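Structure below; questions to follow.
In order of appearance the chains are A, B, C and D, and numbering begins at 1 in each one.
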Amino acid sequence: MSTLTALARVQAAHHGAAQQICTVRHLHVHDRPLVLVPLTLAGETNAPLAAMVGDRHGNPQVLVVPRPRLREQRFVFVERLANIVLSYVDGFTDDVETLPAKRKDDEPRQRFTDAPQVWVPNPGGVEYLRLMGRMTRFRQTTGDYAVAAGVPQLGKWATWLAEQAEYPDSSVLVAATQALTGFWATGQSSLEDGNLAALMGWIAPPAGMTAEQAAATAEDPILCPPAGPATDPQFDRLVLAPALRDLEEAPSDAVRVRVQERLTLALREQMQPTWDRVWQAIGLLGAQQPGGSVEQRWAADRDRFSDFVAYLRDTGHPQAKRDSAVLGARKLHDMERRLANFEAQRAFDDPLVMGEQRMTGEAFTGIVTWSDPLRTVTLSRRVLRPGIVVETEDPLRLVAGDADLRDPQRPNQKASILRLSESAGKISVSLELQGGTGSGLTAPPGSVPAVGERVTYSRLQVSYMSPGQFPARDQTPWTHGGPPQPYAPATSDAAEDWS
Amino acid sequence: MQLRAATPSGTMDLDLRRGSFTVTLNAICWKCSPLPASGFSSGEPAKPKTGEYWKRVGVWYGAGVSSMDDLERTISGLRKQIRQSVASNDHATLAELRVKLRQAEKQWDEALDELAPAAPATMSLLPLREQVHQALTVLTVAAAPKLIAAVHEAFFAGAMAGGQLTHLRRDEERSFRSAPHARPYYLCSAVTADRLTPVRGLLAVSTWPLERRVIGSLSPRVDFLTAAIRVAEHVLRPGAAGPHALQLLRRFAASIPGAWADADEVSPDMVMRAARAELDVHDHSDRVQRRAAAARASKQLDESQQLFGAAPLGVARQAGERR
Amino acid sequence: MTAAEQAERAVAEIIGTFTSGAHRGVVVDSPPGAGKSTLVVRTSTELARQGEQICVVAQTNSQVDDLIIRMATAADDLRIGRLSAGDYRPSDEVSRFPFVRVASKIDDLASCKIIVGTAAKWVYVTDGQWPWAIIDEAYQMRSDMLLRIASRFERMLFVGDPGQLDPFSTVEESHRWAGLAWDPMQSAVAVLLRNNPDLPQLRLPLSWRLPPSAAPVVAKAFYPFTGFEAATAPQTRGMKATAAGLGVGPVDDVIDIAAETGWGFYEMPARNTIRTDAEAVQATVAIATRVLQRGTETYCEHAPGGRRIEPGRIAVGAAHRDQVTALRQALEASGGSGIRVDTANRLQGAEFDVTVMLHPLSGRIDATAFHLESGRLCVLTSRHRHACIVVGRAGIPDLLDTHPSVEPIYLDAMTKFPDGWEANQAMLAHLAGHRVAAF
Amino acid sequence: MENTEQRLSRLRGGGDPEAHNARTIAAMTRNPGCVRRAIMDAAGVDKPAVAAAVGHPTSIGRLSDFAVSRGISFETRVKSEGCAELLRLLREQLGLPVPQAHYEDLGSTGKGETVSGRYLRSKAMLDTAEQGTGTLFDHPLLRLSISGVWAYLEPDLVAFQLGEKFYVIEIKSFPVIDGVADASKVAASVTQSAVYVLALQSLLSEAGRDPGLVSHEVILVCPKDFSNQATATLVDVRKPLAALRRQLSRMDNIAALLHLLPANVTFDPELPAMELAQALTQASARYSPECLAACEMGSFCRAEAKGSTAILGRTVREDLGGVDAVSTALELATGRLQPTKDLLQAAHVLRLAQRMRTEALAR
């Protein structure tokens, strides 16, 4: 949270309408996403009850587990969900593009031209997929506890998707509430924003309603069934429990069919509004102008997707239950570097995000009032170090000597502050520039900001992501418990209870 | 068995063998009000795969379908109203609606009964009290209804609904009081060692020595171990090691140190050895406590109290005051 | 037993335990100013003199330089190597010692008896194993860093201050690894001890930095289970302003109280403010510069006759970077240049005569985990040899009292004690007795 | 002169106070700075009834029947056959020696037994429990003093004696999957356990024994992974315990808070809605959005706080420099309002933010 977002919330509350906190969208919005609206049975651990799933708004598949306490039925549900999800995912493994190798001696790389994007209503949906993955990826397709082939496969994909969602720069699994709050601020608190219906009420209230009315309506579980995966306790008591009891006690298949149909309709009523809202959210966000780096990040998502497809084809072991020491350290390393790059890219793409940096004085925007592209200094030899002066009204908190600042328009050029002088509420910043000007002693035209140009300097930068030096898994040091056991399929995992 | 039925909004796939179904919607037609229950109507192109089944469905839909539809709509509507009243804390309306709902549900149940053939019973033919007696005789110690039911299921034909056991003890007590010793045995209580009051949720057999029915602080564990040994012994009998029996044994084995190496199949001998080893640790102290309490009970309690336990202190006093 | 003897005995025991070679790891807890660097220098030079090669791992370049200067001063007979990044330029102070060799490749330092480098640099040494290593500031080092370098060393001595700030991650909200014995976000020592609970854990018992007025207060608030004492006697340390205060201002009053008792709390009227509360910034700066203006002198075991406080012996500290910048700008504007201004993170390990600290909770409505972290307050209140003055707005105890204290709990997570809330309360309770109300 | 207890009784409109349980006591630590809540809780006002009466019915704490029955069945399972499963866990994970397998049920023996009678029985049993003669104590009755009035707790807990120490065992039905459980659920149960720890300590000190015999670690028993099998974890409750002690000692000072209320104010749910709402406003609330999930009055307080920055969340208000009204913040930002001296800095920041937003969104 920052003062800029806080002010946007104040404005939203005052005007009764959500306010943009970004000028561009930083999320990739797929033109053919898969939407999943899951419901679970209360009291059980991630026990599927129903789901609405599909890649077209007008054509959802409604999956229902009529007797959600029966383990076999849960696996039938998973199998059906797997069919839908896996065929969606597989649809992206046909078209391949070839890229030059990253390093000299490597083969040229291949990656898929597109990747899947799954939308769930809220972080609960992400957690649902994570647990679903944990529940199914260790299952075996042979032996005493055999399940359908799609079950463990779905488990691995669900796990992969849920894990990608831990990285803010990934767009393969999107929680609608988070995607929306990343772009709009509402006049309610972030806690209330967790309710998709309330959030959408602020962003796009139904006709004839104010945002506040819509948000208030959203809290009524009858008018707006919860977006799941948990169901409304009153629905459980008055609709679900009697239906399940009727199913349990149905004296014949005929009766069972009838009750099942009733149950399906009731569950569909619970999911349909959420289904519609997720699609509406996709539409609203998709209509926004994407930021300049969105394409690049999606390409990275496609890289990771291609890698995972290859992994499944090669070894395809299910992902570990918890990270080993080495894997954990690697992931933390990745997370930190990807986060830093994501923050820099967002700021470079979006003046409102950069505004947050400027508010804290860690960045400034101003007009170039003086420029000397031919300035040189003598270190061991004479080198080109162009100088500029930028005048800014921002509350600058950088000081003379601060170096390694960058302007998003010239990402390869570093600036350091030589001097600051203040007059009439404006600060003049003298900067020395290095890099991005070729090798000679004359800077090519345009490589140095000219007088009158608007520039923004900050400490942010997008850097090369090195994989980092880590010990091999079997070299885990004694300080961290020594090498872990290698993965071996275990019957106990395949047989694990699901009750 | 697989079925596909058309509904006004799309198709519905049924897989009755696996008990699942999928509905594909052609268009979005979500409404707050319940959609009419539909499908399987004569004009729709349904493709039954099993003739016999379809006949039954046909009969069912032919008969009470319209009234059932109405009832379902009523029920669904009532439930919605109830949720609204609950949400707004409107207790008066709520009570009224609940009565209406119960009526409607009753009618629906009745309509179903008319339509559906009676479910064949697969329960044991013995009277409940005999089944319980059978199970307790296997265990030789006082046990909770759940365990009794599990033992019965493991070693005797048919399932037993544990819930029915709750009234059993009271019936037995009434029967004993009206005509003592008219039956060869009674299903009675276990009694607490300290106050000789009935132990909640445990059933025992009247022909057992009092000492066995007194529960001291170690007795739950001792009885558990004894029961484990008895179950293991029983599993060893020819033909007794069915899946339910082994499952029961595993349950015991899991909670006794050294009775079961997780990866292996459970071994009755191992369970017995392990249970006996732990039993040796507790047996003496438990016996001392039980004996003392049993002696006290035979002195202080009348015959019926010895079987069904002394009334708790407060209750006895109240009863006395009333007199 | 004198303090010096007591300290010597502790150091001897530590070195003995480590060099006995009986343990792969030995942990030494060192409270503020307890002679941690001295221990590192002594252990490494002693081992080196016995003909062993020893590696020292520090966390920052300035820590490395500081250690090298101390080692080179203590032992000019030993070749010392500095493992550095390619673009590292030795500071003038380091360049003074001709026997200190700087290289970016470990092979170029093979002839050195002592090799010092940052953990980040040691990561790039991917081969070989060295018999001895000292991990300095091990509580500031993240466990993932230890994972990357641990295999390089046969035996390690972990030295650090458990009361200071935990290592930091930009993805703090990720709880992916909570509860794991090798949680990469935890400190190296926490993970080490979790996986190897039987390692010897020793401690340095005396603080040479904190005066007797501060040691018990800091020990009680931040080291409740182990504790430590001041190495100096009360009469050894003292501070007085040569120019009397004007006798009217609370700024002078708080300096006088601090000079007399070692502590001062400059309490401003209650108000919710933005983080860079201009009035609080001004007050903090005014106090720091006023200490200089009044020609304050300190006397201690090193200068029994007293000496004038120089700007470099004063520190101004705060929780946030923007506060630090505001303070810096204000100090420059009022002629206080030379005074060190920094965040708690950056002040770790540093030592001053007088410190003036902006309380992390001053002017706030809410206390977050960041502001309550006990290490933050511990760093801010344990940098001084003579006096510490805290600046804050009234109402902090109330803020603490109304702060909902229940936070999510992760099973088997490594919880840090003391709790920040309790530590804050303890410190405030102490400061209440040294309060001067601003107008 | 009316004493505190009488005043509290009048506040709730006569009648018995709402019975406290570990959950309601634990909930008191959630927003300790709220006077309205402190007074209503101390008086044992029927908050759901009051909230409904003023037009803000609440569903806090309402669980799905499925969840309730699963909770009961898990607990029954763990405790069945003399706590066989529990003994297994305690032996495996805490090294409980085999001879310690005693089980005492301190539950109610029937309608005739009074709560104080049960309390005395629990006390006597736990007091005389020497090492080796008692292991598990089921359904003990404990009590805590809440603003000077005894609240009896009928926990479904087992007090467990290992060596010299008593442990509180909390059985919960949320799962621990690969060693990980929902952290907010753990926190909530652990806070409840802290209530029991505190009550058990007070029982021991009443019996003249050392309250330090109660361990500051509680044993949390939950379903393992996706199964019905149980798993036990030790959780340190020192922090919630400290918070709870502090809150209870505040409650003891309830008299001071009562003086803030006009003498005629009551929160009787039977009052006319307008009158009741009026009465409520006499006790100041400290609303934050977190209240919605923790306090029955949350929805009422939110409506009351409309127009204040508090409804936007705690951090938002902090970021606005403490400005407490939405309109003030906006007018300061747009420069329509000249700031008073204490808002000078906040106004400066807000104007800057306004400039940046306008500038960025105009482009």
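One rule holds for everything that comes next: a contact is a pair of C-beta atoms (placed from the backbone, for glycine too) under 8 Å apart; a residue touches a chain by one contact, two chains touch by 3 or more.
On a predicted model such as this, the values are computed, not experimentally measured, just so you know.
In terms of the stated touch criterion, the partners common to subunit C and subunit D are A, listed by label. Relative to subunit D, the chain whose mean Cα position lies farthest away is C. Comparing chain pairs A-B and A-C by the number of C-beta pairs in contact, the larger count belongs to A-B.
Chain centres here are Cα means. That of subunit A falls 47 Å from that of subunit B.
Between subunit B and subunit D, the centres computed from C-alpha atoms are 35 Å apart.
With centres set at the average Cα position, the gap from subunit B to subunit C is 64 Å.
Contacts with at least two other chains are made by residues 59, 179-180, 290, 315, 317, 321, 349 of subunit D.
Each of the following residues of subunit C touches two or more other chains: 180.
For subunit B, the set of residues that touch two or more other chains comprises 87.
Chain-to-chain contact here is organised irregularly, matching neither a line nor a ring nor a star, and falling short of all pairs touching. Counting only pairs that meet the touch rule, the chains in contact are A-B, A-C, A-D, B-D, C-D.
Put simply, subunit D touches subunit C in their complex at residues 29-33, 176, 179-181, 183-184, 186-188, 190-191, 220, 233, 235-236, 238-240, 242-243, 246, 250, 286, 290, 314-315, 317-318, 321-322, 342, 344-346, 349. Across the complex, subunit C is touched by residues 166, 322-326, 328-329, 331-333, 335-336, 339-340, 360-362, 397-399, 468-471, 475-481 of subunit A.
By the touch rule above, subunit A contacts subunit B in their complex via residues 57-67, 70, 72-73, 76-77, 80, 220-223, 232, 234-235, 238-239, 242, 250-258, 260-262, 264-266, 268-269, 272-273, 276, 492.
Those residues of subunit B that touch subunit A in the complex are listed here as 3, 12, 14-16, 18-28, 30-32, 34-35, 37, 39, 53, 56-57, 59-60, 68, 72, 76, 79-80, 82-84, 86-87, 105, 112-113, 115-119, 262-263.
Across the complex, subunit D is touched by residues 175, 178-180, 271-274, 276-278, 363-366, 398, 401-412, 415, 417, 419, 421-422 of subunit C.
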